[in-house]
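Two complexes follow with chain A in common, the first pairing it with chain B and the second with chain C.
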Partner chain A sequence: MPKKKATPKDKEVSSKLTELGKEIAEEIKEGKPPAFKMPVRSLSNIHFNEKKQQLELGKTYSKRSFMNVAHARKFMQTMLVAAWVRNELVDEGITTSLRDMYYALKRTIPGTKENTVEEQSESDPIVVDIETMLDVLREELHLNADVRGRVVGNVVIKDRGDTVDWSKLGSGGWSIPSNVENIEFKSVDADYILLIEKNAAFERLHEDKFWVDQNCILMTSQGQAARGVRRLANRLSVEHKVPLYIFTDGDAYGWYIYSVIKWGSMNLAHVSNRLGTSNAKFLGLTMTDIEHYGLDNYTIKAKDIDLKRARELKEYPWFQAPEWQREIDKMIKSKKKAELEALSSKGLRFITETYLPEKIGKKDFLP
Partner chain B sequence: MTKADTIFKEFREHSVAEFFKKNRQMLGYSGKIRSLTTIVHEYVTNGLDACEEAGILPDIYVRIEQLGNEHYRVTVQDNGPGIPKTHVGKVFAQMLAGTKFHRFIQQRGQQGIGASGCTMYSQITTGKPTKIVTSPQKGKIYECEVMFDVKRNRPLISGEVEYPGDMQGTKIIAEFKDVTFNWSDYGPAEYLRRTAVANPHAKITFVAPDKQRFVYERAVHVLPKKPKPSKPHPKGITVDDLLDYAHHAKARTIKSFLTQTFDRMSSAKADEIEKLTSIDFKRKPDSVTWRDAEEIVDAIKKTKFLAPNTSNLYPMGEKQIEKAILNVLEPEFHAVRTRSPSVYRGGVPFIVEVGIAYGGKAGKGNGDSAKTEVMRFANRAPLLFDAGGDVITKVVNEIDWKRYGMRKLDDVPATIIVNVTSTYIPYTSAGKQAIADIDEIHKEVALALMEVGRSVGSYIRREARKGEKQAKRKTLLKYVPEVAGAVAKLTGDSKKELEVKLLDMINRKYAAGQMGDGPEEERDG
Partner chain C sequence: MPKKKATPKDKEVSSKLTELGKEIAEEIKEGKPPAFKMPVRSLSNIHFNEKKQQLELGKTYSKRSFMNVAHARKFMQTMLVAAWVRNELVDEGITTSLRDMYYALKRTIPGTKENTVEEQSESDPIVVDIETMLDVLREELHLNADVRGRVVGNVVIKDRGDTVDWSKLGSGGWSIPSNVENIEFKSVDADYILLIEKNAAFERLHEDKFWVDQNCILMTSQGQAARGVRRLANRLSVEHKVPLYIFTDGDAYGWYIYSVIKWGSMNLAHVSNRLGTSNAKFLGLTMTDIEHYGLDNYTIKAKDIDLKRARELKEYPWFQAPEWQREIDKMIKSKKKAELEALSSKGLRFITETYLPEKIGKKDFLP
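Take a look at the complex of A and B:
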């Protein structure tokens, strides 16, 4: 039983884990090969739901059986993770990192030279297995993903009993934790959220007090968006009906950051409904921006791998909008890509004073 | 004395030594290692033959001592009937005096060079005599030293002593130079190991120059049956042979000569042949001309005969090969096969026997580095040399051993044994170390090897399957405590109970006796 500060969610997750154990124990006692089912997470079982505008897991399940030698080790690891997460984390009200869990579980199996887990890369996917199987979030298992991303804006929240005002955090802003499930929004005053891929651009806009002038929430993912950033953007946008604009480099990697924030990722297709924000819009940098603002001299030649990735994206069902097809075709044709910093060629404040206000004013977005 | 006399005398004086020197390659004295092996072979063969003829289970002792560079002393002792004093000279110092020459009989030895060749080789390399100690009579021992009297071409016996004492058999002590001992496949040690395989009724003890002692215990306590001389089969005869036989025949007519001389030649068959020729079979056999002989051989070719009588062939037999393999090679698995008698060139009967030993001491080298070895025998005598030209080697190389679970034949701990038994082994050369590639023999060797190959193949596959099952079982077993512990933590069940149930489940699926692979017992300890 959960001991302290057990939330209803904790109780639910705890009993789901117990249930899994009971089913396995029952099979063992009956002399049946113990096994459990979970949705297949390979590309073949990931579908794009047009209506919800989300990546979703299909209905294909795989069975993991202890008596199958190919599954036995993973089966053992799944049971170890399930028992440890329930007993040490959920029921104790403790949250920790995947790395901690790896060290907690790693030990030599008696009488062998084999460890229960050899590398963290072995224990991480087991957590995703349990997430999909039991339909719970990693954060609900009290396991943190990477902490990355910052935010500023006219927002006041309550986090672990502390009240935090995002407008009064100086130059650093609020560092977005992995688990934002229990954050309570006291007040949200913003016309839109601007989520920026690059930290440098975030620093520029923050220093220029862009968010004060524009009355927006400024967020940076510092590269591919971590779960905390995605969930926070999702909650703000959905719970407080604030539009979400994404601002990345003008290349296939930037587009994919957008794709993951909007539609969900293939790795975490089972939680797209909570991590994906389907009404997000792509602000830039677009190929049209390059032409329009005369940035052509500041583009970079696209490498083969950039073009290859672009062609892949062009085939994804969720990139079939004519605007996106045009955008991708332009890039493939011109063989050019552009970084956010290209805008600085027009002056350091060009981005704050000209580019963003114009784009947002004209609602010049890609869907 | 005429000039011719002088020349003739000179010629005779040197003849024996010259003959030996000129023909030593042919007689097995080529190369320093091979020469020593030949010496051991001649003495051991004589010992085995003497014991078998006297109905005694052989007990052969061989010792090789190094006296200097390329200088060795060889001692061979048997437990045979001993050699009568009057015969010692003939046995040890008279060339071409053997009793085995040109008989249509299955035999082990070489031509009539044998022990005399050794005496000669000792004499020309060391100048010393060969010492013989023998007991032809119970309680009496006779000792002497033998040399060739080159001038008179006859034995020279000295140092004769007779005294009472307890001894059975004959002991030969001789020194040799220009020979080398080593542990290769061509050396005396390997020769004796293979002799032990082919002669499980003999006990063979070998003391090597480094004092290492090898004892091949007797595995079979019955002597092999004595081969009997037999008549040749007509289909195997050549014109020259026929003419030769006919001119020495005692029969009154050609017809009776044919029926008396040849196997399967009935009176009716002789009539049949007569009709196919223009020859009157009532003529005397010594009147047969080359043309007549040609006509008769042609007619024989057109006539059908019963297959040759094979009762005069004495193969080792599957039981004996099996015992020999188990005794010498102690394999994990073995398979043996004695084929039915067959005939080559239409008239020479032969039997092919094979055995495969796998694992244990089988193969060359030990453990993981063990390699496949092929032991060739002709009438039980090991063939160590000229492997490349031998039909057995050819067949072994032709067989697709992968089909029998031996991926790369070279790297398999296996000994392949092939023994060809025949009244006339078709050697490729006078060295008698390789059997000619004759279609019928080739086919028989191939069929026999494929038969035993199948047995070994299914054994190897069975073991591999067992190994896989064992590996799977072990994989699952090691996770049992972890799984049971974790599940128990989740549910509060007894870890012990879950463990027992899981172990039970695994044992039911993978454990001994549940393989469905026949009666073979699980070896796992």
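Take a look at the complex of A and C:
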């Protein structure tokens, strides 16, 4: 099978990986104990950058040294993964999953009873280490994440040689892949992006041709947004200056989905600048919507776990805007949450014809 | 918003629902206690039809009567759902989810303290009742199920006025919608359909352009196959006489995925003829593959729950073929299971270049 043509990004990533190996080889040749430095990813080194409105890593580094018994295994695994990713994935033009990588790397080291990796839980964090250390995205290492999510709208892309028009995909829409780095946007005609937590609402709006009337891009994350969805929303919003509105259930889980899309996540604080879209706005469902649209009979009693989570979010530096503090307080006080399906109690086209046009028209968002 | 044009199926479903209402109204006018009959869906009335190779309902019916205190609430709910589905969905050309339906129907009956429905777990089974009673698919009632799954291949469809070419969708592929009833196949050029449990393997094969070389349709269910995936596989395979090969992990869960796609499920025995594809074949991963391809080091120890499930499947009438009995016995004896990612231990293109072409070339399938 002929190799795929390496992209400029492939060449850059390949040489970063080569550089890492060279430095280690140099140290060994010089008789020094081989070691490398990497940013610490623990809570103590995760900060909220107020100006950028992003979670990010601080300046604390740790050293991983081969001669340190506590580091030796992880050191070996880092070299193993880095070499394999360069040789088998990036240079070969092959993409795969973390699970496949684990199977591909697992073996007994000759002359020992030691396995290279025992469980996938050992090899996964190594990829994040390399992501952080070399400032590359996992997708740029040709390691795909889980996929979920669909999109429709007046957008034409070029992807793997195909020209795909997101406005002509019938009821299905375009499946958002894990890796959207190599997608080329040929034309983007949209006043905003509406990213919805639930697929059922996406399908309802798609059926009503909401995105045609409103000239928007309609996207669903189908729950917590996968990396591909976050990165696609980021690229569309940042590269094409399209506002991004997030529409989730009115509960702590919905708020969390929003916060990850906007500010980034603690797990992935090292890539917030590419996965997070700091100008995103929260459209709903808000506690005020419940009062304003008379949805009170269709709310759900918040459980202890919901309230606990709400109290936690209330403390996060990125939820300190007065609007968010009020929103969270209202939920804690009323002990109620609401799903976006509650709007269907007003009729199945209420969301298309009334709720969304009103909210978007008035720019009634939380920051 | 203008109504969508009713399809012939919409008209048929609408008149079936009207007929149901008319019969009840007739009984009331005649002073008879209103009641209707429906096939029993409990285990005692589910049979395996050897000839059709399908799970199906037997001939036992039950009566749901308004004047029976034990039936009155469900009777009311059946009428409520049937009327709402006809008036708000089928006749309006609107599609929605079961969750939205629950919200749309929930209210307090005037003059009482009784709610029409308390929980979604009350309204969901009513839809299955109507599906069974009127022999219509839930999707034909305009109630969508969860969506998962993607597809690529040399197929051109027409859907909602759009012509979609599954061979020109870049890395993403076409998102399989919940309702594939109205899809029109303009051209289907494929020697077989390969339906894969896991998206990562789908992406790997898609990247290698496996479906181009092999002239096949590549589909992933992303776990247990959603109704849309099952129905799409059925339509393609039956209407266009394309063999369907299923590729799952080598474990009881993978076998179960296969059995649902092929023979139907006990929950949905009333629609096996449309969701099940009885000529489907199981491609792998088989216990023999593990020996043949030397994957033993990459197997996983089966847990008690795996073995228990395997013993259950072994007893099912639809797993009585000697090939399946041997397969299940091998697993129970070896206490091992294997994921399809185990093939990556042989190299990332082993699946594309060796495993699949060999298995398909030799027609090495389980029935």
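To be clear about the criterion, the second predicted complex is superposed on the first by the 358 of 367 C-alpha atoms of A that agree within 3 Å, B and C clash if a C-alpha of one lies under 4 Å from a C-alpha of the other, contacts with A are read in each partner's own complex, and residues count from 1 in each chain.
Everything below uses one rule, namely that a residue touches a chain if its C-beta (ideal position, glycine included) is under 8 Å from a C-beta of that chain, and two chains touch if they have at least 3 such contacts.
As the structure is a prediction and not an experimental result, all values here were calculated from the model.
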item: Which of chain B and chain C A:Ala280 touches, first, second, both or neither; value: neither
item: Partner chain in contact with A:Val117 - chain B first, chain C second, else both or neither; value: neither
item: First (chain B), second (chain C), both or neither touched by A:Phe66; value: first
item: More chain A residues in contact [chain B versus chain C]; value: C
item: First, second, both or neither for A:Leu313, with chain B first and chain C second; value: neither
item: Touched partner set for A:Tyr103, first chain B, second chain C, both or neither; value: second
item: Partner chain(s) touched by A:Leu348 [first = chain B, second = chain C, both, neither]; value: second
item: First (chain B), second (chain C), both or neither touched by A:Thr163; value: second
item: Touching both chain B and chain C, residues of chain A; value: none
item: In the complex, chain C residues that touch chain A; value: 1, 88-89, 92, 94-97, 99-104, 106-107, 144, 146-147, 150, 157-164, 168-179, 183, 199-200, 203-204, 207-208, 222, 297-298, 339, 341-345, 347-349, 352-353
item: Residues of chain A touching chain B in the complex; value: 17-18, 20-22, 24-25, 28-29, 31, 33-34, 66-67, 69, 72-73, 75-76, 79-80, 82-84, 86-87, 109-112, 114, 116
item: Complex contact set, residues of chain B against chain A; value: 472, 475-476, 478-479, 481-491, 493, 497-498, 501-502, 504-506, 509
